[in-house]
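Every chain is named by a letter (A, B, C and D) in the order it is written, and numbering of its residues begins at 1.
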């Protein structure tokens, strides 16, 4: 199992999350590419730290919306979306080379992530962009959604992602953040849920039902106050249970 | 001799210059990377056209100053400048790969170009950035200025650039745009000057003196109304004189 | 009847449209506020020219999307949209004062314009923003759409806008630009249609039917090649027919 | 004596400083206007909190350099700088009106603040901008520098600013942050220094000499970890000593 987190999300003088601590826990780092967060100097710092820790690096590509942190829906044309994704991957590849590592996967961010989970046109644009730059890049997408099939059909490798701190519907999708109980905050509960998922391939939905969920990677968010503790608790629980954590798409040398 | 021009300098709905016409004339295209001009979709269009015409591609890297078109001095730290240049080269490499071509040289833009011609700290930062991403990239700099030596000393290949439409001081530098007679507008005069430069290795300065100037590439600006005509006139004059124009750093397959 | 056009839509070194010529024809100028187009220096130039010509000034507020020219849908929260609109109106008011004129109306731009024509939440946010800054500002909206009623119900004055160069559906709405025949390019035809509208209160829809349309202002677009000629033709036709053109919300002193 | 701090310096999802706590201590708030920091929604929140606390509001105008937080030198033309400052003041005035307060002074930020302290051309541009928008706005500048005289000569009211947490040279200027001892961190020492300044009109320079310094306002920085404690300590010390703190340019109703 892989453990991932969103990192490199500062911007200039602004900080977000505790990248250094998180890089001691996760096996894959989704690194911002400058469109929702991340300035080149800050991104390079994060990449160097990821390289030093042997953490795999993914391009956390976004709609161009810094003030909205990439969380607002936007309707780019295919021409725009394809080239925006290529630009971001290329920029991160350049910085990754400078940091002595390389980009091995792509995880769309925020509103783009949610949109392509089920919207075929924008999903196809993201897939096209990845195939164009480097067809060996793995696409990380929401477990249980069509994007994973669409990408596989076009020859991409995919990684299905589960969210450690989120409740699931009986259909296997994320409960909306607007609903009560959508976000889990107890580190021990979260760790137990994820260990259960790894062992059984099932997760307990918000209504108590048990649902199947195939996941290749577990996301621990990096921008909430207790994020590092949650990630550390989860990691310790997995280590104690003998579950090996490793990147699904390790960077060179890792 | 190489003929270069600044291209891909639109932004979203805004156009600048006539890239399609200019790409039929020049042998090297300095393509904007998004920091002073160029959005990913427009950059990709320009790269595809360059690839189709067999024109070599350089990264036209800039300070981050879109509203000032990269023409205003800025004093970034080394940490900022190095990573800004890497980011831009990487982004353009990604888009170039998508267009079926590749980046073979780097030409800093505007205020950054002028600053590094003689300011050792920022010059060193740009050189470091290039060496970090790809040490085979050629650095294009102002003919007769220290940047060319500094880059060579650190192992980079360089290309010395002359400006077709600019007057020169007796010291071999550009006459400031604020001085009368600094900018030349007569296409035939410009073509004759450049042919003279190619044949004799000398150029007539603004005071009438003859000065030595070693140039590997001649720049024809792309954003003035008569730019395409000037470039075409120059090319026709060179062709008639049997001077072969070709890129100093051809892209793959060109 | 009022004649309006979108102006001040350059950005830094980039130009768009021929503001000087258009300001000799129209009675109201929708001036960009920096979110989809317009840098402060360019906006100030346009405002000074508008003041010199006695043309009324409106705030052409937009979603924050410069690279998309404000033409892409975005889903800001109410908190974001209200404050974005206030910020833009305030900035334009400051520059208008510097130019010796003042802002008398607000015309949302692009995707925001289209969205609020019929979407009550974002419409309410724009209305709230205007009421907060200055309740005497007039809101310009698409003729025949709910936004005009919603604004009136909350105490705003409104101006209904017709588009000179666009075909209408039998329901009185604009034919989508994706449909054939949606955009009209013959200046004489356009002038005749608008004169007919002014005289009869009706317009001929794309299916030949005659529909009622109440308009307080006619928009002539400023960014197409023939825009100035179309505006001049329309103005000459109106002058010849004795139709007086004047701003619905004149600036101070105009 | 007035106590001021830089506030509203978040951007979108990014936070900086503890505005709520600081607004309980200071008498004047320098509020970011969007060019170095501050998005409209966050600015509006800060303005509402300032209005609720009766804290005076100043426009904290900056060069357009968000990624550099306005701390990097830039060389705008007069045309650019004048209109950039007007735009920012206008935008903040709009938001201030929405928050039930108004802008009463202008404090340039970062590199612009330092540059205009002694550079006459950019200083003149900032003064021109303020005179154009509202000649009753007070300009806050570095105590002991020429900008204060230049502004007074052109009819502006000025406020001289001392920095609570900075060491001074024997000439009465700030010791560069690059020098050892430039930044003071002991809240009690800082409070004593400032009380001494208020009582004697003198401050102890870094070499131990006593120098005259006329100050109308004392700045306590808002973005360092101990900023709030330092401000509270200073305020408590002043209160205990019977020194009344009040804004030099109170907002309406305050």
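Quick notes on this one:
Here is the rule we go by: contacts are C-beta pairs under 8 Å (C-beta built on N, C-alpha and C of every residue); 3 or more make two chains touch, one makes a residue touch a chain.
As the structure is a prediction and not an experimental result, all values here were calculated from the model.
Across B-C and C-D, it is C-D that has more C-beta pairs touching.
One rotation lays the C-alpha atoms of chain A on chain C, and its angle is 180 degrees to the nearest 5. In summary, the pair chain A and chain D forms a contact in which both copies contribute largely the same residue numbers, shared numbers making up over half of all those used.
Chain geometry summary: the mean Cα position of chain A and that of chain C are 42 Å apart. A separation of 39 Å divides the Cα centre of chain C from that of chain D. Residues of chain A in contact with at least two other chains: 39, 67-68, 80. Every residue of chain C that touches chain D in the complex is listed here, in rising order: 34, 39-41, 43-44, 77, 79-80, 82-84, 86-95, 97-98, 129, 132-133. Contact residues on chain B toward chain D in their complex (touch as defined above): 64-65, 67-68, 72-76, 80. On the chain D side of its complex with chain A, the touching residues are 10-16, 37, 39, 66-69, 71, 223.
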